[in-house]
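Each chain gets a letter, A, B, C, D, E, F, G and H, in the order it is written, and its residues are counted from 1.
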Amino acid sequence: MLDDLTVYLSGEIHSDWRARIREGVAAAGLDVTLLAPVTDHATSDTAGVAILGPEADDFWRDHKGAKLNAIRTRTQIERADVVVVRFGDKYRQWNAAFDAGYAAALGTPVITLHDAALGHALKEVDAAALAVAETPEQVVRLLAYVVKGEL
Amino acid sequence: MLDDLTVYLSGEIHSDWRARIREGVAAAGLDVTLLAPVTDHATSDTAGVAILGPEADDFWRDHKGAKLNAIRTRTQIERADVVVVRFGDKYRQWNAAFDAGYAAALGTPVITLHDAALGHALKEVDAAALAVAETPEQVVRLLAYVVKGEL
Amino acid sequence: MLDDLTVYLSGEIHSDWRARIREGVAAAGLDVTLLAPVTDHATSDTAGVAILGPEADDFWRDHKGAKLNAIRTRTQIERADVVVVRFGDKYRQWNAAFDAGYAAALGTPVITLHDAALGHALKEVDAAALAVAETPEQVVRLLAYVVKGEL
Amino acid sequence: MLDDLTVYLSGEIHSDWRARIREGVAAAGLDVTLLAPVTDHATSDTAGVAILGPEADDFWRDHKGAKLNAIRTRTQIERADVVVVRFGDKYRQWNAAFDAGYAAALGTPVITLHDAALGHALKEVDAAALAVAETPEQVVRLLAYVVKGEL
Amino acid sequence: MLDDLTVYLSGEIHSDWRARIREGVAAAGLDVTLLAPVTDHATSDTAGVAILGPEADDFWRDHKGAKLNAIRTRTQIERADVVVVRFGDKYRQWNAAFDAGYAAALGTPVITLHDAALGHALKEVDAAALAVAETPEQVVRLLAYVVKGEL
Amino acid sequence: MLDDLTVYLSGEIHSDWRARIREGVAAAGLDVTLLAPVTDHATSDTAGVAILGPEADDFWRDHKGAKLNAIRTRTQIERADVVVVRFGDKYRQWNAAFDAGYAAALGTPVITLHDAALGHALKEVDAAALAVAETPEQVVRLLAYVVKGEL
Amino acid sequence: MLDDLTVYLSGEIHSDWRARIREGVAAAGLDVTLLAPVTDHATSDTAGVAILGPEADDFWRDHKGAKLNAIRTRTQIERADVVVVRFGDKYRQWNAAFDAGYAAALGTPVITLHDAALGHALKEVDAAALAVAETPEQVVRLLAYVVKGEL
Amino acid sequence: MLDDLTVYLSGEIHSDWRARIREGVAAAGLDVTLLAPVTDHATSDTAGVAILGPEADDFWRDHKGAKLNAIRTRTQIERADVVVVRFGDKYRQWNAAFDAGYAAALGTPVITLHDAALGHALKEVDAAALAVAETPEQVVRLLAYVVKGEL
């Protein structure tokens, strides 16, 4: 039996979708390890300069932080059996689409999670996904099905 | 000592071959993890629309389901040390041959399992396999030999 | 400009679909190299024993031939930018599905070509394809679009 | 001498940046092959249903088209020595970020092209790039430098 | 600390070199998993036909057996951190050299083990090895050094 | 949660930077496995001839030792999620830069650790790194951030 | 049409088998590029010390030469679509078996060429080959079939 | 016949070694394409800021330039059949050792070129090389041997 799964939850950090998946997975008693980027926006933005020293220029400030976060992100994507990528209706979330492309090139199954209204804008990303979900609860059911093979 | 093995059992879902391998492996006390696709036909066909919403068009209904099942299948093939592919005498079982090709391209050892009568039709698949068995009991003996190195 | 493409035409050998694609590609003036397995059934089945010596046992006769043909097939799949896989309504064509799985694992784009009636039986293969066509003429239009970027 | 380069120009289709790079490359006499997705919006959106038949549901209409375009896109990214990804100030351009992630995972050098104002939103993508340019003319100079090794 | 290692012991089956390495590793208290092919000559030669049915032709009898043994061998080489390849002064041991080539192509470190007298004949294999040992005791010391970093 | 990490500490062996990282990691209670080359200079230089026999020529003496050490080094780099490469102000430490190039080609995240004064000389190596630290304490904070996602 | 093929001819250097394949290929008018190691024994053995300076110790003399020859061999194996490996009845030809293992691990089709009498000793190598030939003329016919698809 | 070769010349830019190899290769009439990084120190250091805009901070000035140069370097290393890495007696040349590590991880044959006096410091790099030369003329003879198979 396949009975465990490692899943990376990429994308939107301004809604509670990760918590809802986490709760759903726990409630269903699944042996699913959920990985995630740093979801506290201030921490994520500050980490580079906080640890490695200040930058006068905003571009390099962001650059330092983004690279540091990439150590965490890449390690997690490499470990994941499945990558779930969430797109919300605010912000551009290019990093989410970047992660989807990265996972697709590695041959790792991708699940996208977004409102139907974003479908046209996300058609290329959805075309590379093995499932397109609209709610975190659907993702939980998907993961349960993948792990247990039952509806 | 090699003492464990992960084996994916691909193909036919209308006979008891997986159960017989499972029993044989248990009886022989082998540390072999047996993975399998969803073998309940109705569940497998329904999963896509049951979780992700209905489709008016049969093609897309099947498409949704097949992709969802592929998350499970690919994860299992990637984890498998050995892939056993079973062809029965009914249905076309193109997905079984697809899995065999997928495993072969990954360099994962393939064992085919089918009646001698199917030999000509399966010659290209058998040519890519490291063993061609006719009964589940032979597969059990093969796995025992691979794991324990004894007859 | 992308202006050339190498395409492997896998599968059915009992209809004129390859010729129709060849003619269509020539008529459209596309710089597309079309590769194919040996499509003369007798030649393909006989080649192994004709070159490497006779076999008393049919299984090994087929085995010799299938492996020899695999030298040609694998070389062509490895070279192909795109693999078109045709399924007809006769025979089991497991080698076609095997090639589709092999190409999918390599990350090579797959186009399937079959009647709508085979859709349910081929849903796992179609799920791994980037296009599902019903006629050779559609494949020609697809290739023209891929190469020239115009309808 | 490195004297040729294949470059894929991904992203925004609503400004003249590709034409400006094309002209700059021609004016500089560089042996650079410039590849691009289908940049005519209507053609790109319509291709799937125009070739493979109509869809009642917008999601599948887009899906068909996006997959067909992916045949072209993936073939080009695989061939490219360098991928340039352009982000404009309109639309979400998730496909551009997806391509950047895909190229990064393949180990192909990425150059991003966008206004400084988008820097914060694109920090993760820029962090994976080997150069961040603001104008098409800078990209031409970059390509000239890469090919000829001179300023 | 690196504190475990998986080592595949390939080659000669007519002397006690594997036992001596096993004893040495145990005596040194190393956390080293030693893998090996089936070293009972009769078992190894018979396994194919014993499990999968008799063959009239010696070539196919050997072929069946060799492929079955390859399931075990490849699985073990893929798992190994290090491959030790032993060449004795009798027999041709082409399978040992084959395993060395296979491991080298995978980028897995190879240690060869043979008498100095075989050095000229083995120069190409030794050239691909990271260590050339003459006694099993040297191999034990090598493995201890690799695992513990001490002499 | 990502809660463990394997980190290879490459480079300088003449200062206490590894010990300081080890202590910091322990103090922070991180589940980080720290791997390292043999850091006792005499042991590392002597191992080859001590185990495999003396060499008259210094070049081959070094060669034997360097290859033996490479068994350990490569195994560790292959296992590492992250590679930290330290450059001190003495010696040329070409092996450190070699390890950085090796890790970069594998796609493994690299962190460099050196004084700001070495920045110009190390610019190509730093350009391939995801973080450039000046003190072991910064590396500890980096690892804590990667593992726990908190500052 | 597949109309060209690159073939590496590995193994025995003491008979005229390469010349016979060369003549056969030329007579058949095949667009087949035949690659080969240095087949002049003295040249091959001397090259290392002749170019890079003398060695007092025979082991290192051989080592230098074998590594230099490996630059040529590996480049050719990497380029080859097919590798033909010839085993004669004299000498141990471990380098031939090494090349076969190397090619097999790369997924490159292998053809072995040897007398039937060597079949048992070569069973593991033959098991990894897609064709087992006994004469150079058979190899020519095989290559003609692979390239032209006709008997 | 192997009759062409692509060679990347990495490392030292302060002596005439590339020119001497270029002349030797031309004089010998070899079909060898020689690739190189930008060897004009000022150009190489300035390129980043000259094309992409000035930087106040030296670290980022260097960073921009080093990344830009990496586009050229990586493209060339990926194309090379063989990488020659030159170490002079001045400067630290960490980028040369980085390139050697990068090429080694890709499985590309490496030739090092340095004075015997640097042998101890370069032992790890030399251990990963297939040839260690002391003069550009030796490199020319090596390349001639690899391409033509004659001394």
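Throughout what follows, a residue touches a chain if its C-beta (ideal position, glycine included) is under 8 Å from a C-beta of that chain, and two chains touch if they have at least 3 such contacts.
Here the structure is a predicted model, which is why all the values come from computation and not from measurement.
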{"item": "Most distant chain from chain H by Cα centroid", "value": "B"}
{"item": "Comparison of E-G and A-H by number of C-beta pairs in contact, larger one", "value": "E-G"}
{"item": "Centroid spacing, where centroids are CA-atom means, of chain A and chain B in whole angstrom", "value": "30"}
{"item": "Euclidean distance of C-alpha centroids - chain D vs chain E, Å", "value": "49"}
{"item": "Between chain D and chain A, distance of the C-alpha-averaged centres to the nearest whole Å", "value": "24"}
{"item": "Sequence positions of chain B contacting 2 or more other chains", "value": "67, 70, 107, 132"}
{"item": "Chain G-touching residues of chain C, taken from the complex the two chains share", "value": "33-40, 43, 46-47, 50-53, 64, 67-68, 70-72, 74-76, 78-79"}
{"item": "Chain G contact footprint on chain F (complex, rising order)", "value": "55-57, 60"}
{"item": "Residue numbers on chain F that touch chain H, as the complex places them", "value": "58-59, 62-63, 65-67, 69-70, 73, 87, 91-106, 116, 119-128, 132"}
{"item": "Chain E residues touching chain F - in the complex, by the definition given at the top", "value": "1-2, 5, 81-82, 107, 109, 111, 130-134, 138, 141-142, 145-146, 149-151"}
